[in-house]
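In the two complexes that follow, subunit A is the common piece, with subunit B as its partner first and subunit C second.
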Partner chain A sequence: MLRMQNIRKIFKTEMVETHALRDFNLEVEEGDFVAVTGPSGSGKTTFLNVAGLLETFDGGDYLLDGQSVKGMNDTQLARLRNEKIGFIFQSFNLLPDLNLFDNVDVPLRYRGFKAAERKRRIEEALEVVGLASRMKHLPAQLSGGQQQRVAIARALAGRPRFLLADEPTGNLDSQMATSVLDLMQEINNQGTTIIMVTHDPMLAKRASRNIFVRDGQVSEVGKEDDIVELLHKTAQVG
Partner chain B sequence: MFSYYVRLALLSLRKNILLTGLMIAAIGLGIGAAMTTITVNYMMSSDPIPQKSERLFHVQLDNWSPNQPYNEPNEPPDQVTWLDATNLLQEGRAFRQAAMGGTSFVIEPSQAEQKPFIASGRATSADFFPMFDVPFIYGRGWTANDDNSQNLVVVLSKATNDQLFGGENSVGETIVMGGRAFQVVGVIDDWQPRPKFYDVSTGPFNEVEEVFVPWSLKEPLELPLNGNNNCWKPVGEETFSAFLRSECVNSQFWVEFEDPQDADNYLAFLNNYVTEQKKLGRFERPLNNRLMDVMDWMEYREVVAEDAIMMMYMAIMFLVVCLLNTVALLLAKFLGRSGEIALRRAVGASRRDLFLQYTVESAMIGIAGGLLGLVLAWFGLQGIGGLYGDMTEGLNELDLTMVGFAIVLAIVSTILAGLYPTWRACSVAPAGQLKSQ
Partner chain C sequence: MSELGPIFRALLRNKVGAFLLALQIALTMTIMVNAIHMIENRSSMMARPSGLDEANQFYLSSNGYAENFNERAVVEEDLRNIRALPGIVDVTQINAIPLSGGGWSMGLQTETGEDKPSVGVAVYFVDDHGIDAFGVNLIAGENFSPTEITYRQRNEQGWPQNIIVTEAMAKELFPDLTPAQVIGKTTYIGGDEPMTITGVIDQLQAPWVGWSGVERVMLVPQRTEFRSSRYFIRTEPGQRDRMMKEVEEMLVAEDRGRLIRNVRTMEETRDDSYRSYSALQTILWIIVIILTIITALGIVGMVTFSVNRRRKQIGTRRALGASRFDIMKHFMLENFLVTSVGLLLGVGSSIALNIWLVDAFSLPRIGWYYIPVAMVILWLVGQAAVFGPARKASQISPALATRTA
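After this line comes the complex of A and B, so read on.
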């Protein structure tokens, strides 16, 4: 469903060449809940950006839903992002001037849905995250956890195959983090594939699969491995 | 999506009123200054008789001194002599032709309480009225027979008819001009071609004359000249007849063709005429006769003043400066929203989508700036009217075309000013922005 083969990503400046991903190989099946861990600077976020089609790559091939994204132009990539991928960010990235309804509406606008269809999907998505009654509120009127729920609703409204989450609970207290994680788990249970970058061992433990990224390369973490210990080591390396 | 972009633009513009106001003010000032001068130029250079301007031709004959041209390098006089105008009129080779010259009359109203007054006049021939599509409210122009018979007939302007007859139908009435009774045959409706193309010698934006009389009366009544008179050699005797038959140029001659192609034949006729006149000792210069249609004639006479053109260029430069300021303000505004841009890119907006969104926002600033510019242009034109008075009457009015032009100019200018900021905004790398929010 998501297959990366020997992906290479190099960031170049005048002085320095940084190999963010080197021969990065990964296969994610439909319905997986994958936690991506690794030390700071290991390439986790670069991987997530490449997977989310926000960054191009310099070598290898990337198949999303069986379709190679190599050589696609900006419009094709934008359409693919819109139709197949939902994003959840650490800092929510809600648009402060738009109310919750309009925030969730943003990806649907680019899909070209009719107004009635958009309305139905927005209401459904906000219902799922428990904020249907507050759809006319502005993001600033919500708590951090509620804002992240709106971001999840925005990601869900387009009914994507993949949900890519970058430290989704990084800005939340533990109670809110648990609540958001429960919600993500529920979404995954309903069939949406989730790939989540995290430093949080609690989050990583709840994923069905764990992969570890170091120096731009990936290794699978077996279920029997002690993820907490691995992450502790990660912190020491980072 | 367009209405969505409009809504987003309104939200964005409302968010920072000060910045938005600055941009609108910059565009408005630029458009206001540009439109003020462009309007004056546009009115000066507009076609005064568009329905037939390409079929109306002004005649120039080079009867000037053999030793030097009328104007360098080899330009013939702008006017013709009374003699040549009269001769060409008698030949009648064109579909229509009109000889004409400015004059003036002392009019003695019939009502005792009204004082005599001096009225500007034009001696011309019968074709003047149909040639120039002169509108009448009462009666009509005189006939060729009136010309030939030297009948004392007159056509009044609407204002003169209002003054003498209280606006009533005066056709058939008589008025006393210069001590003679003239019969009114027609009253012209409001008519003010701008420029006053048929005689620009005393000013292309002067008022239309108050009375019109037959050309054939000029000699017998010794009608005074009210206009430019240029001579290259002295008039022999000091008589009116000698003055009329001199080489002094003080009359205009216009012809109308059914087909503009007929101009070639008429020019050949003019050359033959001059060749014949040479045998009489006139026209000592080589053949140098000209026919110019209305717009060519306006351009030749430089009806649009040079200082007006210069002012327009300066105002356009000012608009460019205002637009450069707008570029900087838009750049600050758009790049300040890189987080939003990145988010929209992440959730499926292509660069094209964002380009359209920000172009719509630029255009909306342009519309607001254009409307402000129109208001400022109106004040500017009133200011010009106040400075120059009657000279600019009719030149300082914004017509619908100019209003539309102002709005289009504002929108196009602002979109152009917004291109670079929009391009920069669309080039924002979403990945970095999303992480750093």
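After this line comes the complex of A and C, so read on.
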């Protein structure tokens, strides 16, 4: 489904080379809900960006849906992102000048769907996140939790196989965080594979699978692992 | 084009900046249309034929200073001598030079009486060699005969019997008659002194190029005895420069109590007369070009600013599946919309300014095609200006969606 083999990612600046991912190996099965934790700077976002085709990598191989993405050009990657991947960002990343309808519409237009099809999908997606009645509102008129729900609707409207989320609850209070996570769990139950980076072990605990990233490498954490230990590990560096 | 809807709605939420740019584009179009119209108007005025054989013509002035200066004898001998030179087509004494800016005008009318309408006309006193020296064509009637040429004194009030007029003058006096039918008609000068039209020439311009009646000219069969006169000389093709020297040398060779001055070609005279026209054209071109550049830079500035402000939004769009081309298209379309609004405003203001210019300076109306041509030019300028910043926007990494706060 999603397989990374010995992925390397190096950021070069004039002074330093940062090995953000080194021999990063991971296999994610269809329908998984993977929570990624780890100290700050350990490479979580880098991993997610590579997985989501937002960044290229310097070595190793990455198969998305059984297809190697190595050597694909920018247009092919954009197309693949558009069709297979939905993104949820920490700061929601709604387009402030577009109302909710137009926001959810963005990936569908790039997909080239006809107007009627787009309208149906937008309404359906906003329905799922409970904001269908506010279609004409601007993002600024919503609370943070509501904005993140719109972002989820936007990610879902294209019916992607993967939902990638970098700290989706990082800007939300715990009550809103819980409701967003409830929503994500529901989406996962419908069959969408989710990979979520989080700093919050309590939320990570709700995922079906936990991985821990440190120094650009993966170490698996079993479901039964002590939450306290996880907290401890995260606190060490984070 | 499917993007137009949301781009337009988003623009409406950032009205002020977009509207100011649209206004600038409208202003540019207004000035562009009207300035180019004025430029073309001046060009067409400069392109009007004078009727003369300008490339082969020059003139000079001869001013008597001596007590015993015998003008009649000198002029007649001069004209004979000049005409005898090989390379000369013909020469006439004349009171004023076409296109030169200085000359005589009178009013002619078809009915007697001070209160009757009269038509302004430029007056050239020439002899029977006038038509030939000008290089104009007689299209009806006859040239003056050598015997009817008289001498005119400085303060003389009366007029000779016969005149030749241009076709334009004949039409103005007798709108319904052909040139042939005008021959023999009587017109009145100074209110009630009759003159008979004995010839019509096709075309000849007055001394004043800015005058609306520049085509209205009459030839009067007289030589002037004003102690200062001009000779208007036409040479064989290509002989002008040589003949200028030769004629001048010949005339100054013998001391006849006069000075030869101001030997000039018709081409210089035309250039002088239209110098303010070409200066105006240059200034207008500079204004149009500078304004267009400023507008283009304004677009570059605004798009650059908006790209920098929206880097994260662009990254997000890229993350959501926009290709580089989609991002470019986004900014090009946005600019197209702003430019279009500006150009639509510009159509109105261009026409409004033209109507005012027509009223205030009796400039002609703009041709309809100015509007679409200016629109296309400014659309292209807009798209060219937006290209660079849009390309930079398209290079923004999709990773920016997750990498910025």
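By our rule, the second predicted complex is superposed on the first by the 237 of 238 C-alpha atoms of A that agree within 3 Å, B and C clash if a C-alpha of one lies under 4 Å from a C-alpha of the other, contacts with A are read in each partner's own complex, and residues count from 1 in each chain.
As a working rule, contacts are C-beta pairs under 8 Å (C-beta built on N, C-alpha and C of every residue); 3 or more make two chains touch, one makes a residue touch a chain.
Worth saying up front: this structure is predicted, and the values here are computed from it rather than measured.
Enquirer: Could you check whether subunit B and subunit C clash or fit when both are placed on subunit A?
Expert: clash
Enquirer: After lining up the shared chain so the two structures overlap, which partner does A:Thr45 touch, if you call subunit B first and subunit C second: first, second, both or neither?
Expert: both
Enquirer: Contacts for A:Asn210 in the overlay, against subunit B (first) and subunit C (second): which applies, first, second, both or neither?
Expert: neither
Enquirer: Looking at A:Ser91 after the superposition, I want to know if it touches subunit B, subunit C, both of them or none. Which is it: first, second, both, neither?
Expert: In the superposition, A:Ser91 touches subunit B and subunit C alike.
Enquirer: Once the structures are superposed on A, label A:Asp74 by its partner contacts, choosing first (subunit B), second (subunit C), both or neither.
Expert: So A:Asp74 meets both subunit B and subunit C here.
Enquirer: By the touch definition at the top of the document, which applies to A:Thr37: first (subunit B), second (subunit C), both, or neither?
Expert: In the superposed model, A:Thr37 contacts neither subunit B nor subunit C.
Enquirer: Quick one: is A:Arg154 in contact with subunit B, with subunit C, with both, or with neither? Answer first, second, both or neither.
Expert: Both partners, subunit B and subunit C.
Enquirer: Just name the clashing stretch of subunit B against subunit C, choosing from 45-53, 135-143, 261-269 or 369-377.
Expert: 369-377
Enquirer: Which residues would you name on subunit A as touching subunit B in one complex and subunit C in the other?
Expert: 45, 49, 52, 54-55, 74-75, 78-79, 81-83, 87, 89-91, 93, 95, 97-98, 106-107, 109-111, 154, 158, 166.
Enquirer: Of all residues in subunit A, which touch subunit B in the complex?
Expert: Against subunit B, subunit A makes touches at 45, 49, 52, 54-55, 74-75, 77-79, 81-83, 87, 89-93, 95, 97-98, 106-107, 109-111, 154, 158, 166.
Enquirer: Please give the residue numbers of subunit B that touch subunit A in the complex, ascending.
Expert: It comes out as residues 1, 4, 11-12, 15, 339-340, 342-353, 430-431, 434-435, 437.
Enquirer: Contact residues on subunit A for subunit C in the complex?
Expert: Listed in rising order, the residues of subunit A that touch subunit C are 45, 48-49, 52-55, 74-75, 78-79, 81-83, 87, 89-91, 93, 95-99, 102, 105-107, 109-111, 115, 138, 154, 158, 166.
Enquirer: Taking the touch rule as given, give the residues of subunit C at its contact with subunit A in the complex, in rising order.
Expert: Subunit C residues touching subunit A: 2-3, 5-6, 9-10, 13-14, 312-313, 316-326, 397-399, 401-403, 405.
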